[in-house]
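Chain IDs A, B, C, D, E and F follow the sequence of writing; residue 1 opens each chain.
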Amino acid sequence: MLLHHSTWQEIDAYLTRSKAIIIPIGSTEQHGPNGLIGTDALCPEIISHEAQKDADMLVGPTFNVGCAQHHLGFAGSMTLRPSTMIAAIHDWVSSLAVHGFERVLFFNGHGGNIATINAAFSEIYADRSLAGDASNRGPVKCKLDNWWDYKPVMDMCMKTYGKSHGSHATPSEVAVTQWAYPDSIKQAEMSPQIAPNGRYTDAADYRAKFPDGRMGSDPSLATPEDGGKLVALSAKGLQESFAKFAAS
Amino acid sequence: MLLHHSTWQEIDAYLTRSKAIIIPIGSTEQHGPNGLIGTDALCPEIISHEAQKDADMLVGPTFNVGCAQHHLGFAGSMTLRPSTMIAAIHDWVSSLAVHGFERVLFFNGHGGNIATINAAFSEIYADRSLAGDASNRGPVKCKLDNWWDYKPVMDMCMKTYGKSHGSHATPSEVAVTQWAYPDSIKQAEMSPQIAPNGRYTDAADYRAKFPDGRMGSDPSLATPEDGGKLVALSAKGLQESFAKFAAS
Amino acid sequence: MLLHHSTWQEIDAYLTRSKAIIIPIGSTEQHGPNGLIGTDALCPEIISHEAQKDADMLVGPTFNVGCAQHHLGFAGSMTLRPSTMIAAIHDWVSSLAVHGFERVLFFNGHGGNIATINAAFSEIYADRSLAGDASNRGPVKCKLDNWWDYKPVMDMCMKTYGKSHGSHATPSEVAVTQWAYPDSIKQAEMSPQIAPNGRYTDAADYRAKFPDGRMGSDPSLATPEDGGKLVALSAKGLQESFAKFAAS
Amino acid sequence: MLLHHSTWQEIDAYLTRSKAIIIPIGSTEQHGPNGLIGTDALCPEIISHEAQKDADMLVGPTFNVGCAQHHLGFAGSMTLRPSTMIAAIHDWVSSLAVHGFERVLFFNGHGGNIATINAAFSEIYADRSLAGDASNRGPVKCKLDNWWDYKPVMDMCMKTYGKSHGSHATPSEVAVTQWAYPDSIKQAEMSPQIAPNGRYTDAADYRAKFPDGRMGSDPSLATPEDGGKLVALSAKGLQESFAKFAAS
Amino acid sequence: MLLHHSTWQEIDAYLTRSKAIIIPIGSTEQHGPNGLIGTDALCPEIISHEAQKDADMLVGPTFNVGCAQHHLGFAGSMTLRPSTMIAAIHDWVSSLAVHGFERVLFFNGHGGNIATINAAFSEIYADRSLAGDASNRGPVKCKLDNWWDYKPVMDMCMKTYGKSHGSHATPSEVAVTQWAYPDSIKQAEMSPQIAPNGRYTDAADYRAKFPDGRMGSDPSLATPEDGGKLVALSAKGLQESFAKFAAS
Amino acid sequence: MLLHHSTWQEIDAYLTRSKAIIIPIGSTEQHGPNGLIGTDALCPEIISHEAQKDADMLVGPTFNVGCAQHHLGFAGSMTLRPSTMIAAIHDWVSSLAVHGFERVLFFNGHGGNIATINAAFSEIYADRSLAGDASNRGPVKCKLDNWWDYKPVMDMCMKTYGKSHGSHATPSEVAVTQWAYPDSIKQAEMSPQIAPNGRYTDAADYRAKFPDGRMGSDPSLATPEDGGKLVALSAKGLQESFAKFAAS
């Protein structure tokens, strides 16, 4: 069930069955020579939309632009400052709390978002912790799942790509978008075949160290077929995680 | 051309041809008995994605949650505070400016966003106006188009729906989403047939005055066929407006 | 009745009769060769002070500096960032709500303020919409009237100045200040007689397009006599609008 | 010379003679049984406008609402949060700096503003101190003068009112507004004749300790004649202070 | 009793005896040729820790970095923007209020903090003043004491150092740190023997006027012995002030 | 070398040898029946101060209050909102950058800080990434080390405490403070011997699940002797990590 494709009466009805919702959250940033700029937002969107097809789950709008200041050296990358992202997540969750939602699962597609999403959770919880009983808003619990972190997904990544998986512009995330958007599959030579690894700070530093944008990966290994398998595995992980969280 | 479906190298190439980009921007809020909660985000997304199919236009990610505090009395509605929305739009445009984008057209689907989007433009311009020449960021021009404001679109709305068009949960916007998402067409009785009109302030006030969420409209008149026509008309309007803006 | 010229006991008494108040709001920005920098703040101040002379209306302090980043290319212009202006309007209205004011009419003298004032209203309403019943502050309704928007005022402007009215540094607003401050009437040649029209973004862009600061106007047509008539017409419009709003 | 009553060309000319400007700054808050709510904004406005009549001084718009949270227990009082006030003062000064103003004298009428105005100065200076040479904005120096702090003014207050002067709703400030606005002179019994003194925190605390709003004063001693003398003394003090500051 | 050296059960017990706490607050900034960069944080920490040894007083963590933008021209100086400092003090006090603390005495070591600390108090009080009764947080009273402001301390400073005391990098504050940290006593020639006095704005301005960082002082007069006496006098002042405040 | 115990001239000299600095960062929060409220700030302070005794390292002031909203159910706990903490860390690092520091190692004592510290790093880097070359501030690299994360430290914890180590109010952190502050060693029964484990959200939720504040630990195992060993191991880890980071 997609919030965007539902009426408010349908959400009223859903709330009698469940107080839980999923928010796909990602980033808009370069993903190397054959990865889409939307990869990190598209992956959780694709997987969560797939997951809700055969489970009673509500999926909200996709949070499209995240924390990606380090990718701004590459055209098309966009970022929020972390302080802006915290304010926005705060407002999204506060809105949902008005309706009685008590479990908000952020289904994430971007490693660079993790710190800020967790900081946003603390910002939200601090409202109640600092106010005592004054707020009429009920307690909301938030949870962060990365789409790749369910064990079967990680197992398949390691088994399929091994040392070519890397950490940015990975073959697995490219594969997921290839499966969902076959018309947007890109061909590109990788040079070197496996990108360098390392640490980075700001955008200039990142671009200097990772000239084509990849980190540690060979995304030319991606295939739409593997993408489909990853989607299925991750969707199943999300269904289980969501059910458990909703019942907690 | 969709930013989310492109690589950074493709955006580099696009920037040699054009410095302009479109950002679909909407809202996540109740749209009456048969309107989708995502209507205001979906409409500009649908139309802009259609428009870029036969024109050299770049469409960025959709800004999904806008200013909708007055709809929070209906389940599923979400809002940003205006101050949060200004910060987010500021960061989106600042990111694009880093890459050399100089024209950002916000293609809007929600009347309640207009004030805050314009305020955000002033916030962005103030960076340069207050700093003198110190900022290295080039001058960016922003523009706001509402998808329904092109003359042929408005003409069709008035001709097709007349007094039943109203101003929230209109048959035209419902029609657009029906055309794009036929599987999500909802059936609902409208009572009264045409919803009341009026002014409102906060969520409690809005709910008291507009019990099913509609304002002045009879969205049961919506058909996917008319939706398709509206999409075509608005997409053409957007192509022309964008071309003119890009060349300005 | 002027808040600034009253005691708190007089306001206590007023609140037993009415929960409504007017806030004149304007801008401090260049107004061409013969317009005063304070024009946009002075006009609503002049008119509202006139209006309260023969009606039971309370007028608060004037909000003197508004959104005028685009005028910063001309000496003496001042601006708030929209985010600052929203915070300030929020605090003004929150203060008034403490005393039981439930209707705040912002009487505006500057087109560039409209978006941000409306955004500020949403920011204020969002406090209640997001908090449910928790806030002890009662519901406040805000309204924005531009001094020139009452029909008889607009009619006189069009009839008296026609194509020479323009949109910034207009003869009508110059006339209003000439009537109120005859010692500050300025003489200046207009070249060209009618200033150019167009769109603008930041301060450098504005100055390049509108070299003497005017937009589309010939303010040399202003006379103190016409100013007096405009004040009378607008004051009457304000009295009617306020009475209706207070009773709503 | 009043900024609000000048054209931008006149300010351009002034800037060739001086880089200094005065901003009257006050508060909108109860002033006891016979003091006007606008007293703290009116006093610096009255005095600075008087001072500029026979000296080459530029006076900007009045900053009308200041830090007065402790007065919110009395009807009509208004406040900015200190953080809002800092942001607003920052924007006012930044705007003036764009035009080349290098000395901004805040001429203050409210003791409760002093801390926040000084904090705002540090906020402004921190822009340059933290940025090194990057900002193109020139260095601006800010100064705070309270209208009552010039020695001859204080001497007259002590000599005329002695122990009845107090610290809020003083006879001296009431006298200044009586001189300027004789039509708004209020008659009220003072009981006790001299109000209590003490410390306070929030609005409820203040109201409990100072039931009619006064602190330590007997403002029934105020006369418009003494007000005129105080205005003359303070205006002279301001002229000297401004000249010295402008030349520094 | 030190908060940092206590368990929560011990604080629970303390709260049955007293609702009052001390927060040492200072700055991290240059203190001339022989003064430690931590001087302004160390002094209130040293004195308050000494004071609590023979009195039932609770001392919280030291607020180490304050408002010192004007010292950024000297290596090692650190600052918060005043707006950041207000937010931080707000959060510290809000946290303490959750536990039932009702008196928070900020024991200050830096003149440059005074304005911002007082502004922060207003920011905190405004929460209640603007919210009416809605907040569940009880009323908190805050107080600011400078360690040097108790009369016996000031008397000793004047008597011991006279015209060599000055206002920054004073012999008294250097003496206090020498007594507490004898291993960190520095030797340095003072040239001129007594530093210049004056006003300052930003960091560049300060460095130009006060080349070695001192203002009006000759800190070579400092001795650890005098430091010990000053600590004793100020600790006694703090004990008395705290007792009175706690009982208020 | 301690920044707080140095003169600015000594920091000038240090900067000719190294551009790197350590900031101990912790939290002020309950640590169970025998843990000090200051534990998380004291541990990194103790260890870093120890480490700099025999290495050329500069240690700045301790950041005492961190992200601890979930501990506010226990008396004495204090928190910053994450947005406040980001602003403060931003200002600390910006200040250091003015002096030419290019490597800032945050040496952390609190797991709950990790997300927000990393978000703060992104906020800092975003200044440069969004501004292009405009800022005069040089590039700063930040790094986060937790005192317990060096392998020999973790090995000793696991070997010494095994399943009794837990994750909050651990015997290792209690041991470190016992070694440094033997006068503050507390005796308390643990019941149950090993505290429960689990996830938590806000303060009420945490208190309900962890009634005495501990998570998964038996801190009665702590001894000052083991504390001394842990300090030595962690100090060595910090020396190596700092040297590597400074040279990077």
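Quick note on the criterion: contacts are C-beta pairs under 8 Å (C-beta built on N, C-alpha and C of every residue); 3 or more make two chains touch, one makes a residue touch a chain.
All values reported here derive from a predicted model rather than from experimental measurement.
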item: Shortest walk length in steps over touching chains, subunit B through to subunit F; value: 1
item: Chain-contact steps, minimal, separating subunit F from subunit A; value: 1
item: Angle, in degrees to the nearest 5, of the Cα rotation that carries subunit C onto subunit F; value: 180
item: Repeat of interface B-F, chosen from C-D, A-C or A-F - more than half of residue-number contact pairs shared; value: A-C
item: For subunit A paired with subunit B, centre-to-centre distance based on mean C-alpha positions, whole Å; value: 24
item: Averaged-CA centre spacing for the pair subunit E and subunit A, given as whole angstrom; value: 46
item: Shared-contact residues (touching 2 or more other chains) in subunit E; value: 72, 79, 81, 83, 87, 91, 95, 98, 129-130, 134, 203
item: Chain contact graph, described as a line, ring, star, complete graph or other shape; value: other
item: Interchain contacts (touch definition) - all pairs; value: A-B, A-C, A-E, A-F, B-C, B-D, B-F, C-D, C-E, D-E, D-F, E-F
item: List of subunit F residues in touch with subunit E within their complex; value: 2-9, 11-12, 15, 28, 30-38, 41-42, 60-65, 72, 74-81, 83-84, 87-88, 90-92, 95-96, 98-100, 181, 184, 186, 188, 203, 213
item: Contact footprint of subunit C on subunit A as seen in their complex; value: 91, 94-95, 98, 134-137
item: Residues on subunit F engaged by subunit B in the complex (per definition of touch); value: 129-134
item: Subunit B partner contacts - residues on subunit C that touch it in the complex; value: 67, 69-70, 72-73, 79, 81-83, 86-87, 112, 114-123, 125-126, 128-130, 139-142, 201-205
